[in-house]
Every structure is written in structure tokens, then in C-alpha cells.
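Listed below are the structures to be examined.
Both of the next two complexes hold chain A, though its partner changes from chain B to chain C.
After this line comes the complex of A and B, so read on.
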């Protein structure tokens, strides 16, 4: 959008002002994240740039903190916890969320909006409230402090993302396809796996990525619902910050940022693929 | 009573359908189809024709009454166990599968081996001249090609009954006419029973063995195309099928196959009584534009002639179309062949027209 020649001085000011504002917003969003990346290679146990680092002296940099992360039993324990909780929570979210979305897309379901609102609510209710509620509820039924308790809690947080993304793909889904499958002799289960699921797969996968990131980054609920045995990476970082300020946190943060970027890139590729499929679908 | 009589392959027995429990979309439908028949359900939208098709396919349940297929009630059989082929309006091809996989789907469901599947797929695609497209995806085909594939997919598992829900609605005119011919040819060659739903009367007339004209949830007339056009049984059918002139009046005399009708402006016309039985009844007479005669020499000497005024004369190439004012009706149309000996009228010409009594049907008012 180039500036037209007839622009008034006010429009010119706004034209450049707008770009400056956008740049500032971008800077404030990205800088705190970007700055931890070089810091994580700090050779010293400091959270600040050392004079050697600023002089770009190779002596000032090291993989020390990364080595620490991969050798320290506390961090390793946390990583394996995160890596065992997040995929399972994702699996539960995706299965339940997809079923809910498919069910809610049927025209004859009563109270659709109400059900939808209830299912989406974990996204809207303040996390601390969900966490406290789940703590008391899970304590009563014996799930508090267990692996499955944390998995379920994280699955509940992930379900809204799956419902939203799958519902969005279902909007473009042609119901005569399921009828066609039935007319050719396929039962409902086969129709779902062979016809419906492949077509809504991009939505299911984006939902899964969101659910995964939700669980992987989550700290509030896990502190309430989990016990020392379920200490995840974010939890470990949180305690690390409070108790033993170690730049290993920066190394972990960098790795997590990298993972998030990877997942977001996957998401974007899937979205494009989805758009292409949509453009190709008949009618 | 289950029967295996071949003329009762598909039977609707007092079928009713209501979506909300109050308004009947289909009212007391009775229909019986022999094996191998091509039957079209024709009607305006909301007339219940598609609902009937969906009940037969199993996607809607009948509120009341029985639907039987080959003597067996199918009300409680789910759609995927009915073994009925179906062609959808938007083709409903699976976009994530190739054409070959689309056709293979119903065969795979039936647990058929790979080599047998491939033979059947090739044969079915051959029937619609689409063999070369087996590895393409639906999005890479034109509408007409997709339509052919959809047809092949509905036929590939050799169902005895095939349902078609306005399958040609999305095609352009020329392609539509070609496909009409192709569908009827296939249906007859394969001897399959076909129920075809459309709102296009030309399609219905050209393709079907019999046409069921739907309106207001009822079959208004069920007859071969020729009967439907030549001998409509009520005003709705006369008006819905083809072009039609209608004049309202009262039966003056009635004598077997002939009656005279006093139109509301006092004119007396000849007609054939259909839905009237005695003098004094109100009636609507119906006459096709091509059966209106402006040359009295071609009519019976006793025929009643009517004054008409030419409002419009339209040259249509092979025919002339004249809009007349007749007995107060300004939309009375007369159509005749373009020939050397035929008159050409000017706007405002006063002429006299008439018709053979058997071409003018006195129907319900």
C-alpha cells in the first residue's frame, strides 16, 4: 500500500506513524524472547551479557548450560515428564475434541450452543480458577498428584482448541459425502475413518498442535494437580527461577522457543495445504 | 404382505412424512414401480419429491406407512445396508481419493479382491467413457466429467435400484441434454430400476417411462410422459407441464365426451369434460398453445369460434408465438409452425380462433 500522491500532511504523518507503532509493538513482543537466545550461550553463570560476550569473544560463549540441561537429573526428570504428559494429553484432547466437534456439527443436536460454550469454557475461565477447581475435585476422586490426573487436566485445557479448529474445518465439509458413503454400503465407523477424518485432518492436526503446546507450556494447573513426580519443564523453570537462579533456564527456554517455532511452522504448512484442498473440493 | 411380484419392485404404501410432527411434507403416498422402470419424481421445490427419495434411500424415516423393496419392508434397514445406488446433485465425489479409489470404495466395503475390483472399475468407467481418468482427482475434472464419474460410482457395485437427486442441475444446457440421453441409455442397457428426481419438466418428459408429478406432498398424476402432456388430469398438472392456456368458466352443457363451457365474460367454448360431471359446475379449461387454431377451415363446422386480439407477435425462428387477449385473459398464447401458408399478424389485429373439443380439457376450477 504505497502512499498516494494526493495524501494530505496528516495522512502522511499517519502513514509513517503507523509503521513506527507496528515496529514498536513487534519489538516489545519479540525482544524479550530474542534476547534469551544469545544469553543462553553465556559462559558465565550470569543472566547478563558479560564484557566478553559483548566483545564477541568466543571465550565468552559456551554450551555449558545446554550440557547442564541434558545432564542434570532434575532437568532430565522434568523433560521426560513433559514429554510423557504432553503427547498423552494431546491424544486425549484430540480424540474427545474431534468427537465433540463432529457431534456438534450434526443438525439435530439440541442445545448446541450451550454445550459448545461449556466445552470451550476452560479457554475463557481464568486458569487459576480451573486449577483450584481441578485440585479439589481430583483430590476427592484420588487423581490428584498422579500422572493421569495431570494428563486429564491438560487434556481439558486442550479440548477447546481441538473443538474450535475441527469445527472450523467441518464448516466446509459436505454432508452429502457421508450420505454417499452410506449409499455405497459403508457403515458409520468406516465412513468416519475413510471419508470424514481424512478431509478434516488438517483441523485435527492443528488442534493437536495447540493442545500439545498448551500442555507443554502449562505451569499453573500442573502445580495444583501434579506432585513432585509430575514436575514438568515449565514447573522446573518456575522453581528454578525462585530458588537457584541458573542460566540453564535460558537454555531450556531457547529450546522451548525453538520447538514452538517448529510447531507453528508445521501449523502454517498444514493451513496452506488445507486451503489448497478446499480450493480443490467440488461444489 | 410381502410379495415377489415383479411389478412391485419398489412400493410406497400410504407413506406420510412430517418433520415437526404437525405439517405433513408427504401426504399419503402410494406408488408401485416394476423392475427396470425409469420413474421421475417431478415437482416444484417443497413438493415432497426429494423427501420421498431420501426416505427410499434411508436418510429420512417415514412417519407413517411402509416402503418395500423387492417385497421386503425397508423402514428399519439403515441406509448402508439397503444396497441402493445414489447419484447426488453435487456429485459427492470424495475429494481426497482418485477416481479409481472413488469407484473402488463400494467394492472395498463389500470385501472384494483387488483384481476383481480393478476389472469392475475399468468396466464402470468404460460405460461413461472415463477410463483415462482413473488416476485423476475429482477436482481435476470438469462438472460433466465429475457427473459421469458419480454415475459410474453409483453403478459400479451393480445395485438393482439407483436413485438420482437432480444430478444434472449444475450442468449447462448442452451437456445436460447429452447426459439425459446417456443416463437413460445406461439405465435401459443395464436394466436397472431408476428413481430420478428433478424440477425440470423437459428432463422428466424426455427421460422417463413414467413421471410422478408432485405438489403439496401428493402425487398429482402418475403417467407416461405423453399422457401427462396430452391428458393432464387436473389444473396443476396442466399448468406445470409445458405451456398452457387457462380460461375459467361454468359448464353449460355436457354430453358424454363433449361439453360447452360459458366463460366468465360470456363466451361459449368447446371442451372435453375431465374433472366435471354436470352442467353448472365451475371449471378451468386448459388448452396447449400449439393446439389453438386460427384457421376456421380446419375446424369442425359446428365448432365455437372466439374473438381474439393480437397483443404481441413473436418470431422465434421455427415457430411463431402470438400473445392474444381472449375472453379477458391477456396471456393467452397461440403457437404455430413457421410455414409459407401461415399468417403473420400485427399487434392489434382482430382474429377468430377455435380448437377441437378433445384438445381442450375442462378441469377442476
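After this line comes the complex of A and C, so read on.
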């Protein structure tokens, strides 16, 4: 979309004008995230930039809110809860989801569309409905307010992402490889772990990252299905935002932005590796 | 391998091993393959059906269940069957006798208030009526005989009101459409279906607000997302990958983080107001109210859902060959005609996919309206949560939930027709 040398002044104006508009939209996308990071280092308990901060005076900045996060028992409890629930939920959704995705990618699957619709549905149903439904069911079977109840509920919410990412990688999978493995005497389990899994691993990992962030981010279902003992980081943030909003939330938010950057970088590396392996880009 | 086998068994080349006709052997192999595929899917399918679909189904079923009145006041319901609700007369003494004996058992078994709360959803004040009546009833001797009508009316005037009995009769069946009626601001307390008074009508307004605000948010994300996706699809891949990070980072950032960022930015003492005061656009004592209203919800949700519009648009626009636009221009089209008549129609599938996705997500939103919406920015999900938390009216939760779910499923079906669920792309 380079500007040709014979462009009229009007075309020239539009060419640059369009870029300015796009720049503003990118600004809109990044602005809120970019603002909370410096604000989280505010030495005062304000949500605005103090004159000291604007003057770049070191006095205006401090790690005060981070110290509070790492010493406050409520926040620590919430952090450990999140860190123990999310990996377990990820494990459940990835193992069951990968297995099902392998099944779904076979050439002859009866009722494929219906099954797919059912497996994707947790992503579509409004969270408040899922949460209320799971609350009643989990109370009946005695899982409401327990660690495993929250883990299973979060695993269900993560499954659509695992299914979508893993089936997408399996589309390019050459089934003659599994046949070759079988013809050389490998059993189905060995074939899966030695041949199929290493090849679809990027899809499985990105599915796992999605499942992890789904659980790590989730508020509505955990409020319904969990009890005070399962208070997670987002839950704590949600109550904090609703009641007395403390600047510690900004420190937590900044840490979570850091986590997102980490996840995004991992995904990007996976994508590059995948493209390189498939010979799509020379990089 | 096949060819060597064929020469080895040349005389029966159409037969598989063991002399079985090839056709049957293939059919068996196919069946085995299908069973194996289903066995791999089965654990997850069972998990989702048991842990997700059935719970939601049973929750929604609560919207028609209405066992409280028939279970707790069985004799009264039978006695009321003969009473003509249209006659402006109170039910006979027999009905009151039945009510008193039902209520005395209910008070003993502590179920009276369950029934009272159920009726209270439809007719405010019912819990007071039952509570007032329970005092004299507890003092009553076991072999006491009437007249009970005077006793009940003395406990609370409304026991002598025909409207009470009409309501009791209307809601006394074990299954009811009553919850659906109240989900759309109707009632049948008088025995007839009629609209609720304006001061109690809130649900239709909330459904409508959820729909138009989601539509507006959808339109805004399209307005902002289309140029960005166009730019991403038409610059060198190196730049596109860099710019894409600015879309993906918000996409991967926690919903709660982005909502709290907007809460901080839009506050009266927040960064945007601070900036506007500093520039001099707004007086210090007259800061803009940008939060706890519709404006806050629209801004925050447009920001949060924008990546969900850009990503499907981008993946469609990437596939539009640039040579088409060049061909249009070489045939004499100006820039606008080439875009509008050639490029734009090819990007329509992306618009459809993005718009439905954003709309589906927006109508179910709860967190953002709850935190930045205030009373005037509330969505239907917030009302459902309120009914669940505060009123404990689970039948109404089921009814409102069913209506919302049906709307979402229709959109999901349309999405499946246009895009195909197996074509959903992430990141």
C-alpha cells in the first residue's frame, strides 16, 4: 500500500490521514493499559498523576502498593488460590480436550457438527447462566464451595479453547505418519505420544495457555461455585473495585499485564517455530 | 504393499484376507474407525453434558416449576378449585378452614415462609400476611373449630381481600408460566394476564437496553476495527506482525485489568478529567461524569471487545487478493469505487463473523456493566445476578436466563451458518 509517485494531493492527504486515524485507534487500544503501569508506582493513594510524578521526581514514585500486595494476607491468599486452581483446571481441560480433538479430526466421525457445537457451547453461553446452572448442580453433588468444584467448573470453561486450537493444528496433520508408525509395530498409545503429540504440541500448548488464562481471569463462575476459601485474584479485584477501591489493585493489574506479555511472547515464539517447521517462512 | 499383496493372491484380488468380500471388510474397518473416534470424544462429551448442559437445563427448568403452593397448601388448593375467581365474593368458610389447617402444618414444619416468599414475588406483602397469621394460629387449640374467616381477616386485612385469593388460585398449579410472565413484565395475580404497573416494569427495558447497547458497541468496534484490520492486511508482513501485538496485548490482558483501568481513567478524580481540567476544557468544579452511566459501559466495552472484531476481519482481509483492486483501478475505477465495489464486498464475511461474535459476547456481559455501569448502565445479566443474590427468586433467574440463552443460541446458529464453528480462529 505504498504511495505511488503520481498520487494527487487528495490521495496524499488521505494516505497520511488514514494512518493518523489508525494511530489514534491503536492509541485507544493501548492507552488504558499503558496508563495503569506508571500509576501503580504512585507514592500516594491517588488514582491520578501527582505533580511529583509528572515532574519525574523519584519522591513521587514508590513500590508501596507492590509491598502491600506481597504482604497483605488477603491478596496473598487470593494469589495462591489462583495459582493452585488455574494449573489444575488447565490440566483437566487439556488432557480431555486433546483426546477429543484427536477423535474429532478422524475422517469419519458421526454427528460431528452436533458434537462440535456441544463442546464449544461453554464459550458461547453467557457466564451468568453457566454460573447459576453450575451452582445448583455443584451444590446437589456436594462440590459447591470446594477446590475441586472450582477446578472442574473452570476446566469446562477452558475446553472450547483447547478444542479450537488443537483441531486447528490437526487440520494440517498427515495421517500417513500414524499409519507408518502402526505398520512398524507401534501401539496406538505409543504412536500418539511419540509421533502425533510432538507434532501437534504447539496447538496443545497454545490451547493450554488459553485455558490457563480463562481460569486465571474468571470471576463470575468462581463467585457462584466457590466460597470464601477459594477467593481468587480476580475475585479479590472484583470486590475491591466494587467496594473501597485501593491502589493495590493497580499493582496487581500491572503484574497481570506482565503475565499477559509473557503468555503473548510464548505464543508468538510457538507460532514462529510452527511456521518455520512447516516451511512457510524462512526466518 | 497393496500391489504385492494383489499379486500374491491374484485369483481373489477383490477379496480381503480370509476370503471375506472387500466391501464388507471395508465397512467393518470404517465402523471400527467411527467407534474409535467416538471413544476418544466420549470422556469429554460426557463431562460437558453432565457438568454443563444438564446443570443449565435443570436450572432453566426451574423457570416453569412451581411446587411451593401445591406442596405446602394442598387442601387449600383443592378447596379453591370450586371457588369462582370472577365472582366478587370471598371464598367460603371451607376454604378458610383448609387454609388454617394447611398453615398450621406448614408453621410446624417451617415451610410456611417458603410458600409466603414464593407468593411475595408476585404480590408484595404476602410474607407479612403469613407472618401476622402465624401468631394467632400457633395459639389455636388443636380441636378449635371456626369461624376461621374472621380469625384470618383479623390477623391481616388482606386475607379478606378477593385479590389475595385470585393470586393464590392463579399461582397454585405445579407448573406455571408465571415466571416467564414476570420476565417480560406481565403478571397474572388477578387471574388474567396483564402488564405490570410501570414502576415495577424493568425487564423489557433491560432486555431492550442490553440489545441496543450491544448493537451500538458492535457498530463502534466495527467502525474502529475496520480501518485497523485494513491497515494490518495491507502493510508489509513485518510491520503487520508488530502492529498486531498492539491488538493482541489488550486481547490477552485480563478483562478485570482493563475494566479497572477504565474505572481509574474515567473517574471524576481520574486521569482523563485531570487532563481535561489541565487543558482548560473543563472547569475544576464541573468535572465530567463519565462513569457509573451508559457512557462508561460503552467506552469500556468497545475497548474490551475491539480485538474480537479486528482479528476475524484481519483473517478475512488477508485472503483478499490485492490484484483485484489493481484490476478495478486499471479499468478506470477511482479509489473509492475500487474499494466500495471490489474490496468491501469481499470483506463482508469478516464483518459478519466479527459482528456476530462481538454481539454474542456483549449481550452476556456482566462484569463491566457491574463495575462501570451504575444503575443506568445495568445489563440483563446484572439483573439476573441481582435476582439470584438479593431476591433468591430462582424461578425468575431461570426465566430471564432462558430468554437470554435462546437469543444467544439463535445468534450462535447464525454464526455457525455464516462462519462455521470449526472455522473459529483465536489469536
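As a convention for this text, the second predicted complex is superposed on the first by the 268 of 283 C-alpha atoms of A that agree within 3 Å, B and C clash if a C-alpha of one lies under 4 Å from a C-alpha of the other, contacts with A are read in each partner's own complex, and residues count from 1 in each chain.
Operating definition for what follows: a contact is a pair of C-beta atoms (placed from the backbone, for glycine too) under 8 Å apart; a residue touches a chain by one contact, two chains touch by 3 or more.
Everything quoted here is computed from the prediction, not taken from an experiment.
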| item | value |
| --- | --- |
| Clash or fit, chain B versus chain C on superposed chain A | clash |
| Partner chain in contact with A:33 - chain B first, chain C second, else both or neither | second |
| Which of chain B and chain C A:16 touches, first, second, both or neither | neither |
| Contacts of A:174 with chain B and chain C, given as first, second, both or neither | first |
| First, second, both or neither for A:184, with chain B first and chain C second | first |
| Partner chain(s) touched by A:193 [first = chain B, second = chain C, both, neither] | neither |
| Superposed model, chain A: greater residue contact from chain B or chain C | C |
| Chain B contact footprint on chain A (complex, rising order) | 174, 176-177, 179-188, 190-191, 194-195, 198-199, 277, 279-283 |
| Chain C-facing residues of chain A, complex | 1, 11, 14, 18-19, 21-22, 25-26, 28-33, 35-36, 39, 46-49, 96-97, 99-100, 102-104, 106-110, 113, 115-122, 124-130, 132-134, 136-138, 152-153, 155-156, 159, 161, 164-165, 167-168, 206, 210, 213, 216-217, 219-220, 234, 237-238, 241-242, 245, 249-250, 253, 256-257, 260-261, 263-264, 267-268 |
| Parts of chain B lying in touch with chain A, wherever the complex brings them together | 57-59, 78-86, 88-96, 105-106, 109-110, 137-139, 146, 153-154, 157, 163, 170 |
| Complex contact set, residues of chain C against chain A | 30, 33-34, 36-41, 43-45, 47-49, 51-60, 62, 224, 227-228, 231, 234-235, 243, 245-250, 252-265, 267, 269-271, 274, 303, 306-307, 335, 360, 363-364, 366-367, 370-371, 381, 384-385, 388, 394, 397, 401, 404-405, 408-409, 412, 416, 421-422, 424-427 |
